[in-house]
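Have a look at these structures, which come just after this line.
You will see chain A twice below: alongside chain B first, and alongside chain C after that.
And now, the complex of A and B:
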């Protein structure tokens, strides 16, 4: 029992230890360049989008799903929101459209996955291609500028981040939505025969995930001030690596916690940033991330479960 | 006494905090059919899996035919003449029956780097016919077979090795009468050839008739070994649980009285497979038994009644007129279902006892959108104490519990949700005597409290012992009805089954 307890606690704090180690390492190697106020602001800025999306996507991971579409959905949301803003001149319309588009896209992915019984990685890949395709078709190589709008500072963004994290924490641990999604991730048959409406609750998870993508799109657009085709590129992988680094099991279930999203997002951002400061070429960073991702999966994946990406 | 075939000395095995075997000595002689019996978690399966090379002992040594024997894997054990038919599924679903039988031995049939399907199938046919399983096709994918047929494929596979030692772990629960006969024939063949068989079962009667020697385990210790002349049901049961079992096993009343109020009605119920035009009424406070052969439709009926599988024709209606169309409606209407396949369909093995127990009751525990954590813990605590679940805490993962205790957790789910209609599909399958007795008492208490129970089982004594009324399904149709009476015998019922 003691050993079991230690093991469980250790796996709980391991991502935190990893975060500290990575931070300490790059502080030592990168020195002032890493530690400087400018760089720290950069890290936090880079982290914001990943973390907001990771917080929502945790709901989908909880039931054993996976979403490869978040980056493209983010881009489509930003584009339509920017266009709507250009037409109306209202920042509220911008926010509303950003959230609405993302929620709708997620809803469609959810419906396709759940009702048509398509594995989530397939359905979300389809959504990715579709959204990315729409963005490329409409924008061609042009961009839409919304520079006249002020990007909200940390006085707004930090509370938003905390609020989202707190909300998903409560949903995950203290509501039927969270508990049912985790139960589905553990054993969908047992969940169904325990009276869980598995279709309904999985779709709710997609809606929550979509909502956070919409929020992320709003802030990302305002911070960049311009919408172009490369927005959100590769975001889905960063988010998935983040939650896995944070200790979440991709097969879903009760390991799904908000902590994974928060710690993991910081970890992946600091790692990317640190590597760049140390002088590793940007092209190498993708390779390094891929290898780290594989290693983490190897160490955390529960081998006695059926399949890494169930259903 | 005949020659020693296999001996085990001082075997110890721990799983994390749990001691599964404590310094166990065990001897198998030639010509023995050696029964192993004990409650769940007593170490039977652990001991045999060590002998079969599936697990490694922490300490201790084994000898086979006088020479040191330490198998590195199940395949290694097989090559040294020890084969095992395991409790869980041992066949791969997507390959053919023949491919399963010769899995890992395709080399024999390989010509110029290609496996000859024809030879493989022909040899498989012979192997299957040898054990008397002439009705099992050799070239179909294994998933098309039912549980019993797959078990027989495993038997064929094990016998093909011509082992000196055959280990049969809890296999007969999956077998019907005919299947059992095939297994017994194989065992008898082993015995007559002066080889050895280790036979694990929860069915004491079966062990007493099949085995010529029996060893009783309790909490990882060997309590004693009895020869055929010493077999006595009461003695063995007492050895297993470490105390005398008092009172009768099943309920002792015979009035079979139920209330007139109908709580559930099946009308022309027909499913996609097997179940055909089934009509019956379930009364308040009634234990309604459903019996039949494994492929007679009883398990499919249970799934239809709970809304897990959809009805093609007909419907399941509750007293208030609600039609049970899916499982979430069933749970909302306070129905409960105990699946035959516990680990796959009834519990979340990687989740805590608390999370398992609370799952159907979450709606009840929700106030203003939030689940009350304190109430959830209270609920779990209550279930653990009423059902006497042996565990370290409610946060313990259910995978660390023994089979019987897992089953108690499943029952706990429904009792906490105040279910008043329970559908129990083989609730005592793979459960030891102590837990079995507790389950029977619980069922009776629930009945007396006004609950209605549908008891689906392949064990006739259990059905006859517990049901107020017993319906027999044959080929998916009701083929007989029996009212509770002390005169009702297995023979009467079997007649309606076959």
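And now, the complex of A and C:
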């Protein structure tokens, strides 16, 4: 029993230990080229979009949902926000539209999933195709530039990140919204029998996720300076990899913590950055990442859960 | 207890990162690029003597959207040969989307490269230049028409921008489809990735459409999808009488087998661009009619621009700005021509001997005009 307890405790902190080990390793090999101020700032900037989206998506994963549409929703938010900015010239309008569009899209995904009883895998894929289709149809092969707007530095990004992480942490761990979403993830039938309004809380989770995607879209657009149709491709997979690496079980429940999103996002960003700094040929980076990911999953994933994919 | 331990570890990590980020006193100044001297008076040129000039080596980042396949190998071979001849080392990176391109350039700069040769700008060249300026890294581009990019008029004046070498995707596609029509094609389909993935692809389709329109015809169908093998199968199933396919991408992985199996040999014309597969099979089976090559030449010429700039001898136009050099593609029409091109590309389509006269440290009379003439005579 004592051993089981130790193993349980250890599996919870393994992703964090993994992150520290990876950080220490790259620091030892790369020296101040890796742990210097400039590179650390760079890491924060690079992992910002994935981390912000992952923080929000954790709410959806908490109840066992999944969202493959985040990349496409990000693209649609950026496109409409950029168009609104071009019309009005106001960066506040850009932010407002980015968040509004993302929340609306996530709300629709939530409604389709919850009310129409479509599996979240399917409903989010449908939203992905729809958003990409809209972006491709509207933009054709053009792009929208906002190069006159300066990308906020980490002096703005870090507080925003900390604020979002703190807010979702509080919601997830200390409010009914978070606790009920986790309960739904653990056992939806038991939650429903206990009087939890399962549909309502799941939709709220999608709204929170949409909000963070909107924030990420705003900062991503300013960082790129241009909105083109290939923005956001592959983001959903990166986010899922990040949260899984961080220790979150995709079937949801009480493993859903903000720590997963933060640690996982940092881990994949640090690995890509660190491997390049220490001079690993780019052709080997994918192999090394795959092996490390597999090792982390082997040690952290709770194999007593039924299946990898959520309900 | 566990919670406190985790909280402590997290706090230590965040503190370490924040302290590390704050440890430097002030924002580092952007290093100034090597002072440029006119081509006639290269910096550091030794007094005329019989001893050969020792070329300084640099660490150069090479960014391509893929790092595998025959197409990439031809590019890498050519640039590597020049790097070896100039005592430089190459660091590879890849980035297809704007985010990836920005992250790749950031990581290259952080790894200490002196210059970047970018064949995959992701449409965000202005941002890439800003990153390079911050790190004091010079930037050259190839295989990208930067003139169409957002912010071009601003970033072309950036002192860290050394120029680009690009081809006219629209014109080459127009020529190919016009040729197909001249050779009897009546039912022409479009094949490739969806719109917006790359300006080069979109320009190719634009050229192809224009040729069809100018001939008073209409496109049979468009098969543009991320799932290209499926798109190829659907195209041939739904339109078995197609007699020409304009492919804006490589065709060997998606089209050859179904066409050969379907008995289309000798009855269809297909184009392919940047094909890393076995194009000879396509030619020998009478499937491929036009194979477009030349990006490896663009990469080598881009390297020369970059290398000169790194040695403080940037080749500049008469207005003092970096050149954006238009170079033709080469169209190959047979297995022999393709094999010959591949053979000549080993070690670089241009040899170092052909290009060294444009390296200012080796030839103080190196002329941008002659360099542009060389580029424009490619394939002729």
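Before moving on, here are some points about what is shown:
Convention: the second predicted complex is superposed on the first by the 257 of 311 C-alpha atoms of A that agree within 3 Å, B and C clash if a C-alpha of one lies under 4 Å from a C-alpha of the other, contacts with A are read in each partner's own complex, and residues count from 1 in each chain.
Here, a contact is a pair of C-beta atoms (placed from the backbone, for glycine too) under 8 Å apart; a residue touches a chain by one contact, two chains touch by 3 or more.
Predicted model, so just to flag it, every value in this text is computed and none were measured.
Legend: residue contacts after superposition of the two complexes on their common chain; A:233 is shown touching chain C, with no touch to chain B.
Counting residues of chain A touched by each partner, chain B versus chain C, the larger count belongs to C. Of the two partner chains, chain B is the only one that A:180 touches; chain C does not reach it.
Applying the stated contact rule after C-alpha superposition, one finds that A:279 touches chain C and leaves chain B untouched. Within the superposed three-chain model, A:145 lies in touch with chain C and out of touch with chain B [touch as defined at top].
When the two complexes are overlaid on their common chain A, residue A:194 makes contact with chain B while staying clear of chain C.
Of the two partner chains, chain B is the only one touched by A:254; chain C is not.
Across the interface of their complex, chain C is touched by residues 9, 12-13, 16-17, 19-20, 23, 33, 35-42, 44-46, 49, 135-136, 139-143, 145, 147, 151, 154, 220, 223-226, 228-234, 259, 272-273, 276-277, 279, 281-283 of chain A. On chain B, the positions that touch chain A within their shared complex are 16-17, 306, 308, 326-328, 330-332, 337, 339, 344-352, 355, 358-360, 362-363, 366, 369-371, 373, 392, 413.
Interface residues of chain A, counted against chain B in their complex, comprise 1-4, 170, 174-176, 179-180, 182-183, 186-187, 189-197, 253-254, 302, 305. If you check the complex, the residues on chain C that touch chain A are 2, 5-6, 9-10, 13, 17, 20-24, 28, 67-68, 91-94, 96-99, 102-103, 106-108, 110-112, 122-124, 126-127, 150-151, 154, 194-199, 202, 206.
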